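So, here's a batch of structures to check.
Here chain A shows up in two complexes: once beside chain B, once beside chain C.
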Partner chain A sequence: MKLLKRVTVSIAAITISFLIGFLFIKWQGNSPVQAFKALYSYGIGSWFSFASTLNAATPLILTGISAAIAFGSGVVNLGQHGQFLMGAIVAALLGAYLNLPGWLGITVIVLCGGIAGALWAGIAALLKKLYSMDEFISTLMLNFVSEYLTLYLATYPFLDPKAYVPATKVIQRSYFMHSFGMLNMSFLVAVVIAFLSYWFMRNLKIGYEFRMMGYNAVFAKTGGCAVEKNTHLVLLYTGFLSGLAGALLILGGTQHRFMKGIGANFGWDGVMLAIIADNGILETLFYAVFFGFLKTGGIGMEFETSVPSEFILVLQAVIVMIVVGSRSAIDYFGDRIRARFTVRKVVTD
Partner chain B sequence: MGLLTSLLQASLSSCTPILLAALGGMFTYYANVFNIAMEGMMLIGAYFAVLGSYFFGSWVVGTIFALISGLVTALVFAFFAIYLKTDEFITGIGVNMLALGGTTYLLRNTFGVKGAFISPEIISLPRLDIPLLKDIPLLGDMLNGHPILVYIALVAAIGAEVLVFRTRFGLRLRATGEDSETTRSVGVNPERTKLWSIILSGLFSSLAGVYLSLGYVTLFSENMSNGRGWISLAIIILVRGRPLGILGMSLIFGFFEGLGLVLQNSDIPPQFTSMIPYIATLFALYVYSKQKKKEVLNS
Partner chain C sequence: MSYVEMKDIYKVYPPDVVALRGVNLSLQRGEIHSIVGENGAGKSTLMKVLYGLVKPSRGRIVINGTEQYITSPSKAIDLGIGMVHQEFMLIPSFRVYENVMLGSEITRAGFINEERAKQEINRIIEKYGFKLDPEEVTSKLSVSAQQKIEIVKQLFRQVSVLILDEPTAVLTPQETKELFDEVRQLKVSGKTIVFISHKLDEVLEISDRITVMRKGQEVGTVNNKGITKKELAKMMVGRDVVFRLKKKSHPARNVIFQASDISVFSKKLQKHLLKSINMEVRSGEIVGIAGIEGNGQLELVRVITGFIKPSSGKILLESKDITDLSTRKRRYLMSYVPQDRKYVALALKASILENTVMTHHLGTDLFKGRIMNWRKANSFAKKLIEEFDILCRGVTEPPSALSGGNQQKVVVAREFSLNTNFIVLDQPTRGLDVGSTEYIRSLILKMRDMGKAVLLISADLDELMELSDRIYVIRNGEIVAEIDPTQTDKETIGRHMLGVHDT
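Presenting the complex of A and B:
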């Protein structure tokens, strides 16, 4: 019943968002029918476009579950962007300068990328541990620091002089992740990580403790969780996931190098996904694919009609607002209406 | 002009957007609304200021456009946070994302450019020439000739102190923040007070945006607020909302950002000088938590 309600609310909210998008495109003087047709055919209409959708969803899955696990454990890690960039730059540099046989190299690089993200989040954990600084602001500020730090690395010491924007050298050919048909292996890695995370949040003691901290930190502490220590662990693990997203984008994406702006909006997209999914890991996985569909379809939309692909950014934000708005409104007003009926029943009886 | 005066002048200029946004957030801080949407409100204000200024050839129209956009954004925030009871933090992130996506989209759709829109037809804010001040040697160079909003922001900080601590509105604002149900029992509608605080934060944040796109520079670029809204949020938390404290902290942050600007002429890579404000924020939080620890130990 609860699940049914949630699914219904989500579907209704997304439909409303698309309607708003429809009116918006019309108001801007374009044909909404054509635009949505293009969105469909480029996003999901063929095996080729469906595979592109899944590839586009890969980094989103990982930054999304990073945010979902953090928020679900009551840890406000908003540093996905910075952790992603650190993972990406480490993977790009190792990929360019490390000499290992293909499979071993890929494994080492992916893990190192994840660890780089974990260490970057670890700074926030350390600041929290030593000086009890709130991770909310510190992770945010570290985003900006890492943005400039990685840009510096790609502009000065590791610049590829042949690139037309600040970028590092292309990684070695043997580290390119394999594609099955169109679908890149990095997608499968991301899905496996998502299921592993789901499993360990459900079935391990530490996962249970994380979830209890999200419901009520004081209760968790009273029940015997080491809340402080677990908060640091959550930061490290979610940082690892974001770093992994960055590393996988370098090895399995299309650029195969770190370049200016490669982080795009993956960090904040992840935060939005966690919000829509209400911190559920499998829901995040689903919505990440949905956002991947919007992104891939949006490019097709720009190609076919004169609606710029930036329209998708607006649509995503509208979806977030409407989904969470209707969810909380239904909870709040639903409770009130139910309470009123109860009162009336008591009074008339 | 010496290095020191140019540094101080740059500090005053850089402090203004942070100061304005922080003053806006101060109202919601006192009303106990967890408002993290300053970043987005600033960005929207910056965009509409350029839009109005470009199409009507007047900075006044630009400012009015920005204020209206700030008002609308604030109403959207209030509708979700107050009336639909959506979590304030989530609403704030939603508004920020809407601002980022919306301005990027509109930049592309209206002006047909990606990244940044620069045009000589964007009229920037007038610079104020204060007759007596400009003749004072050091102070004149530092304080004179800034865009008009710099002076408005400085006055507004003092005005806000009076408004919050010396007027009926201020008392109601703080009372709502302390305990909204008690204020309801004495006949003050807490929803309305919260609504006003959000509207004020929208207006101030959009003015911060006007300063960014028509004063600090004369252009609009994607995500040009670049974390200033977050820094202003950190400042509010650091000084626990006091407007004069906000003024002081903003000046310090302005100094660090100005330092970054001045250092850009040196050999240090610009990426490192750009990091300065964010590292300064981390450092300020460190000092704050150290002080707090001491207070806890003493009590």
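Presenting the complex of A and C:
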């Protein structure tokens, strides 16, 4: 019932937004059929394009479930962006200066990147513990700190003078993550982490407490959940996930170095994904892949037709609004209809 | 003919909370009309309907002979109806006159005409004898002065019906007297005052007529002539069907719960919310706490459940000192049915299954190590549904889809199946229909007969009289009496609750 409703809402919203997109493209005097054809063939049409879609989705999956787990536990971690950058810079520096055999090095670097993200979120946890500072504001502000801290590191102490933009040295070749055909291994890591997180939120005692805090923190506390301690743990874990996203982008992406602007919009896209997915971990995974598809397909669309790739941003925004809007609309009107029946019942009593 | 007529008003808050069930109310011109009733009786909802804040599900409102649809507060003000809420809506940095005219500025050629507004405000202040300086900055004023601003604000908008929602709740006795003088002045000049309260003394002092509400219905409207506080209280509480449950008599055994000398001091209010509370609950007895709401019951429950720390005193549970333990640690030893079903006792959007697991998850029954055994939890939830006769479509349904009675059954089922010796019940049957109430009361007695120590906080005197083996009466944060319900009548307890010792 619940599942059916969610799937229906998603499919309907995506269909409607494509229709709206169709009208938009038409209105601008382009051919929607051609544009969508290009979107399809560059986004999913061949193994090559499908693999690009999945690669593009990799960081989104992790920042997305980071936000989804945090929000789903009633913890407002908005620091995905900053935690991502910390993970990325740590991975880039270790990758450039650490000497370990390939596989071991990759494992160590990826874990260290995750831990860097966790520690960065840990600052917010500490501030909450000591001064009961709201994590909403502290994680948000830490984004700015890490933005400029990492930029400083890449511009001065660790600058690669041969680069055109502020960037660190390219990491050692042996740390590049392997690709199967076109598909990079980092995607598989992200998917495994997503399923593990899903399982652990469902089945561990602490995962149960996290979820109940997300439903109703007072209820959880009254029932004996360790709400304060759990909040800190959620911050650490979701920080770890974002940091992991950053590290995987360095090792498994295309740049293999930290450079200005590498964080792009991954953090905020993750927050957006969690909202569309209503904090469901598997839904986040699905929408991350879908947004990856739009991203890669959009580039192709720009290439083939005169529809700019920015159009994809419009489409994303429309999808977000329709999914979120129709979800609450269903509840709202459902409640109103039930209220009407109750009135009838009370009046006749 | 009445000035305002509310006819057959129903209100159901979506999805299915019935707040008003066919209420009729008529207000005369130039009267002070009180509306009294317990919390949740529908007083505020009824007035919010009149003020256009709440849309009625059904019913008609006739003002001065014409039927009106009051769709918003500004429509209500156009019709001459104003309301002063419990929370004030003032801008702290504004001067008094600025707050008064905010939203209905007198303008000339598009510019605010401050002079005329000030003149008008001064005229109002003088006419009704408000002690208020229009030039003063709002944030510097006392609560009672801010309340005056709200009243002047309504008069500035030329309302003829003024609704005051529990205006005396925030006032000292002297300030209350001042307010009453002003209200009488308003009446003399032909305004209609609606006074919402549950302080019966004040109601009797000020009103011309009194409408009593109970459970979303009006019990009746009486003239304030020769009616006593006792009669009024009786109308408010009602003579519910009294079920006589059979109660086995057996002696209470060892002490399970003991509070010694518990005090809670509020720095903010500079007063004791609880003062030297001494009480005990023994195994196999139900101990009731009687008192008018807001006399320390809330704080007592919060101290016992570990949400606030007492400023002094000691709490023993099964001879273990729990005074400094967290709520989590205490929950291993106590079952607790909170007053607020929707926001404290349940996660409305989670499944019934997940709701029943709460607190049980502290134990080991439903787990393999740290891993949830959902199959076992599933059959546990199913067992509870069957045993406690919870009407639902299955364990995955969320409590939000259940009726109030069934929601409460989920809570009670969860708490009563915890294996603890001490049970705290805070208003366990509030707002429930007759059937669920009776069922839950019989369960409480069953728990007692099983040898549990039960602490029952209730606003329902009948319930306390029927279930309790002993009753403590609490007033102003102090236990003022300990009563054996078989030896005492309801009226005596009521007198202890009110602190009236005449008759």
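Things to note:
Criterion: the second predicted complex is superposed on the first by the 339 of 349 C-alpha atoms of A that agree within 3 Å, B and C clash if a C-alpha of one lies under 4 Å from a C-alpha of the other, contacts with A are read in each partner's own complex, and residues count from 1 in each chain.
One rule holds in what follows: contacts are C-beta pairs under 8 Å (C-beta built on N, C-alpha and C of every residue); 3 or more make two chains touch, one makes a residue touch a chain.
Note that the structure is predicted; figures quoted are calculated from it, not measured.
With the C-alpha superposition on chain A as described, chain C and chain B clash in the combined arrangement. Of the two partner chains, chain B is the only one that A:A317 touches; chain C does not reach it.
In the superposition on chain A, contact is made by A:T342 with chain C only, not with chain B.
In the superposed pair of complexes, A:C225 makes contact with chain C only, with no contact to chain B. In the superposition on chain A, contact is made by A:P308 with chain B only, not with chain C. Partner contacting the larger number of chain A residues, of chain B and chain C: B. Contact with neither chain B nor chain C is seen for A:T63 once the two complexes are overlaid on the shared chain. In the superposition on chain A, A:S197 contacts neither chain B nor chain C. When both complexes are aligned on chain A by C-alpha atoms, chain A residues 332 touch chain B in the first and chain C in the second.
The part of chain A that touches chain C in the complex is made up of residues 1-2, 202-209, 211-212, 215-216, 218-226, 332, 334-336, 338-340, 342-343, 346-347. Across the complex, chain C meets chain A through its residues 10, 12-16, 18, 21-22, 57-58, 305, 326-328, 330-332, 336, 338, 343-350, 354, 357-359, 361-362, 367, 370-372, 374, 396.
Interface residues of chain A, counted against chain B in their complex, comprise 28, 127, 131-134, 137-138, 140-145, 148-149, 151-152, 155-156, 265, 268, 271-272, 275, 308, 310-314, 316-318, 320-321, 324-326, 328-329, 331-332. Of all residues in chain B, those touching chain A in their complex are 76, 80, 84-87, 90-91, 93-98, 100-102, 104-105, 107-109, 226-227, 230, 233-234, 237, 269, 271-272, 274-275, 278-279, 281-282, 285-286, 289-290, 292-293.
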